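After this come two complexes, each holding chain A, first together with chain B and then together with chain C.
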Partner chain A sequence: MSAVLSRTAKLRHPVAGTLAVLGYVVMIVPILFVVATAFTAGSTLRFPPDGLSLRWFGEAVAYSPFLEAVVSSLELAVLATGLALLLGVPVTLAIHRGRLPGKDLLEGLFLSPLVVPELVVGLALYQQLMIGLRLDNFTTLLLGHTALLLPYAVRVTGASLALADPALEEAARGLGASPLRAFVTVTLPMLRPGLISAGLLGFVTSFNNVPLSLLLQTRDFRTLPPAMLDYVQQSYDPMVAAASTLVLAATVVVAVVAERTVGFAKIFGGINR
Partner chain B sequence: MRARSSLLLLLPGLAFLLVGFLLPAVAMLFAPPGVGFAQVLERMATMLTDPYDLGIIWRTVRIGLIVTALCVVLGFPIASLLARSQSRWAGVLLALAIFPLLLSNVVRTFGWLVVLGSNGVIGQVLTGLGIVEEAPQLLYTELAIVLGLVQLFLPLAVITCYSAVAQVDPGLDEAARGLGASRTRAFWTILVPLSLPGIVVAATLVFAGSVTAYTTPYLLGGSSQRLLSTQLFSYASVTVDWAAASATAIVMTVLVFLVSGISTLAGRKGATA
Partner chain C sequence: MTTPAAALVGVTQQFGGFTAVDSIDLKIPRGRLTTLLGPSGCGKTTTLRMLAGYSAPTSGRILIDGEDATRTPPEKRNLGMVFQSYALFPHMTVADNVAYGPKMRGVPGAERRRRAGEALELVGLAHLGDRKPKQLSGGQQQRVALARAVAIRPRLLLLDEPLSNLDARLRVQMRAEIRRIQSETGLTVVLVTHDQDEALEMSDEMVLMRAGKIVQTGAPRDVFPTPADRFVAEFLGYENFLTLADGRQAAVRPEHLRVVPLDTPADGAVALDATVRDVAYRGVDLLVTLDATDPAGTAVRLLADHRTDAAAGPTPSAGDRVRLLAPEARLALLPALSEPELDPVTEGIS
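Showing the complex of A and B:
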């Protein structure tokens, strides 16, 4: 595909085309090598692989620390995303539909977890909540991930709400619907694309998180990315390549779901603005 | 919606934001347990004069600047070619550039271990061709960190530049071309200046991401190429030096705020000019 890009581009834009191809190489090629080394039959992480086998996939799937970590990561990501939406949507409603002073300031406050480095937040939660208040690490992780995902919930659903006409809700109320009924039957359907986008973004962000989660790991509850980092540091075998390939495959599934439901580019277009 | 009901909608989210983010962050930065703020300030003063600490700060900033420049130089051409392309492949290529944003940083960074490692792709190719006797040390160098971070943040640069380019009226390029400007000239005098606000946003996001990233410097830089993030982690979990951890966290946060502030100011100036 980058050949297509270079062919169409080089004819008219030789410099830009070359830079673009180089960019794609840096973004994509290392990932392809991970996949290639995962199928090795040998026991070292090398390229070209020594023969082909599925041996390391078997080992990765049977390696209980990874299995437990996948379950923990899924559990945390689902709960944190759900909680962030449950808390974030009312906030969005209050900011966009309510009569409150200082709306910009409020929105800024809810976006602030995006600005402070996650590693710094992780350190703060570790020191203040886990050590200071002796909260267990699951509770701390859930609090931290939820706060981290609130900006996504508030901003992405806010973008949907800004497009929705408040007159429709008023019409429903005028026709006798209760506030709750007007919300469920009129506002919620209009929020659907925003909810799906925020949900997908939140889930992926939480599931992949390293910097915030790193200091909050214990033997009882570990998430997958830090568990993989630890493993790489200790042993240099192709099992992590196999585990990475499985994560990649799962991510492709998420991407296809994202593309089919709201469209890929839209999901990421919303958060930077 | 009445102010009181808006406030009720706001409160649960606000409570989570305070407990899961704001209060711990403020407490950690300014009053770590058993350490006064005076000691944090003192530690910060040593950091800003000690050659070792200054070296880490400078390396972090330098790598951040190089990565930012590379991401803009590679990302803008991708964005402008895709935004202006009529080809049906453009959508696929855009999805391919965005997809890595969904993929775990650990998986993406792990690819460079396969490429740059001593048994890695580059080493094998170079020794195989007889260009060098022994595979060069590529891993645990600044180059490795730069490559890893460019891979990590290029998708962000592409999507941010893409929305900027897409907002520039293609008629303007055509008008410039019609008036006799070369493609190169139209690119530099029309497309680049008009997309500049987007480029500034992209650069800010990439820089802030690079100076706070943990996974990449940890895996690709090792202990010989410490950055602020890896240093912060070691203060927090290995030496448990709260004063040094808070001082490092403040330096990192101030660095990010400073750059975001400058870019916001630049954006405002650009808007009024």
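Showing the complex of A and C:
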């Protein structure tokens, strides 16, 4: 009996291992295809590529709708991330350090955007803010993305705060620091890794967001993902692959920076706490 | 009489409907070491936190240097607190931790470093100023926390179970170390502990607490031989309780009960006849468990330490009929049986 049990336990590992490898293959192979086709010298989006060249990268970088869209995406990502942190940190402090009666409710509220489908949120924002309140689409997008990033900001900064001993702030107060000074000199440094992770994660999430950005785009302000989708519908050349590859490269750089400064384990530990 | 360094006047702390500290009055004598001693949950930390200003009492007043400080925030009290977790700032070096207090007081850089150095010197860690707290052992962290609290030249030094995270040997060393720092600086110290040996060894003044109330205060030499009631006696290690012939209650420690042959004269001691139930070998002595009848005729279970050297007389073994002698001078007389003292309060007694 116990021999059978131990054998099934052993069997489970190879199965899990195989599934994991399969998962990686399914995830990575299509990306490799895209990257490979981006380097083609030919003019169709095809694998294997016809020859090797950087021409499509040149074209992608010079294509003004993409360029404008990248600038818009960056602008939106930076502002939305900043806003989400600015709102998220006080919420985190209230949840972890405050003496609110409805703490759990508050925490639940700020995490709910994680589970509401973004298309629904997008549609709601479109109806209420753009049509209803006549806000321009940049403002609406900014609000939408901020709401989208807020749970990340609260969770990830919360994870750093949960690790810090609450007695630290009390110690600072006892040593003569006003509440504000204790916050700046002790609490904020404790929050730093969380702020960096939340910032990077928020930036990437906003930059890559499709549903909200797609629903709320206009001719005047459009982020990169909708611009690329738009392009693909009209022409099927490798420029999109080149643009995607560039985005991918930039994301990898951000990920490496994140790993070097605070570590991925912490970032994702923060989300799944 | 000089004003006490601090005083609590009718201080009560309630959490929801629960009374953690129940209308206590306490004076902290200046320049001395006072311990708050009591079992877990009796309100020691709560009392210390009210003194430090981290929580406001539900009612009552807190005086520091004779002035009302009940509503003064911690940063204006100028008290040095050492937390049980030490609460060293992990992102600062040891020296910066210690210089933090002077910095918050606007002491200029050079003077600040000098003071930090001085405080680290006091705890013998001047050479570790550049380390981060994480790179120190528990004992070293504890000293840094002490240095940090001392560096602000506090009116009171408050220590919440400062030794409980240290191993047994280090704990005993640090008792002497804290006493030395106290006498070198002349600081008024309030130390919270649930360890009676620690309190006896370190205190000028002991404050025994139970369930949010103070049950006895005094110098160890006064408290130890005359516990105020059965609770205090049990807490201080009196294991044996008996009723004397005249109806008075008495407590006696196992090391003061002598196990002798049946025919030994009492010689002024209280004598009880007993049967040895069990004998446990403990190196220097034997722990003898006995069934006896006390002078009031009640059956009692008693413990006696019996030395293993020859002077102590014949070695008892289980089943022996023996005589127990309790010298009058070693009996701690307790007030007549009163209600709450009877329930066995053993939590937190190690």
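Criterion: the second predicted complex is superposed on the first by the 253 of 273 C-alpha atoms of A that agree within 3 Å, B and C clash if a C-alpha of one lies under 4 Å from a C-alpha of the other, contacts with A are read in each partner's own complex, and residues count from 1 in each chain.
As a working rule, contacts are C-beta pairs under 8 Å (C-beta built on N, C-alpha and C of every residue); 3 or more make two chains touch, one makes a residue touch a chain.
The model shown is predicted, which means the values in this text are computed figures rather than measured ones.
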Between chain B and chain C, whom does A:A177 touch in the aligned arrangement: first, second, both, or neither? second
Report for A:R46: first if it touches chain B alone, second if chain C alone, otherwise both or neither. first
Just checking: does A:A242 make contact with chain B only, chain C only, both, or neither of them? Give me first, second, both or neither. neither
Name the contact category of A:H13: first (chain B only), second (chain C only), both, or neither. first
Scan A:L125 for contacts with chain B and chain C and give back first, second, both or neither. first
Touching partner for A:L85 - first (chain B), second (chain C), both, neither: neither
Touching partner for A:V156 - first (chain B), second (chain C), both, neither: neither
Under the stated touch criterion, which partner chain does A:A198 make contact with: chain B (first), chain C (second), both, or neither? neither
Residues of chain A touched, compared between chain B and chain C (which is higher): B
Residue numbers on chain A that touch chain B, as the complex places them: 1-2, 4-5, 8-9, 12-13, 15-17, 19-20, 22-24, 26-34, 36-37, 44-48, 83, 87-88, 90-91, 93-95, 97-100, 106, 109-110, 112-113, 115-121, 123-129, 131-132, 143-144, 146-148, 150, 154, 179, 204, 207-208, 210-211, 214-215, 224-225, 228-229, 232, 236, 240-241, 244, 247-248, 251-252, 254-255, 258-259, 264-265, 268-269, 272-273
Spell out the residues on chain C that touch chain A in their complex, using ranges where they run on. 52-54, 73-75, 77-81, 83, 85, 87-91, 100-101, 104-105, 148-149, 152
In their shared complex, chain A is touched by residues of chain B numbered 1-3, 5-7, 9-10, 12-14, 16-17, 19-25, 27-29, 32-33, 73-75, 77-78, 80-81, 85, 87, 89, 92-108, 110-115, 117, 119-121, 124, 147, 150-151, 154-156, 158-160, 162-163, 183, 187, 201, 205, 208, 212-215, 218-219, 229, 232-233, 236-237, 242, 245, 249, 252-253, 256-257, 260
Which residues of chain A touch chain C in their complex? 165, 167-168, 170-178, 181, 185-186, 189-190
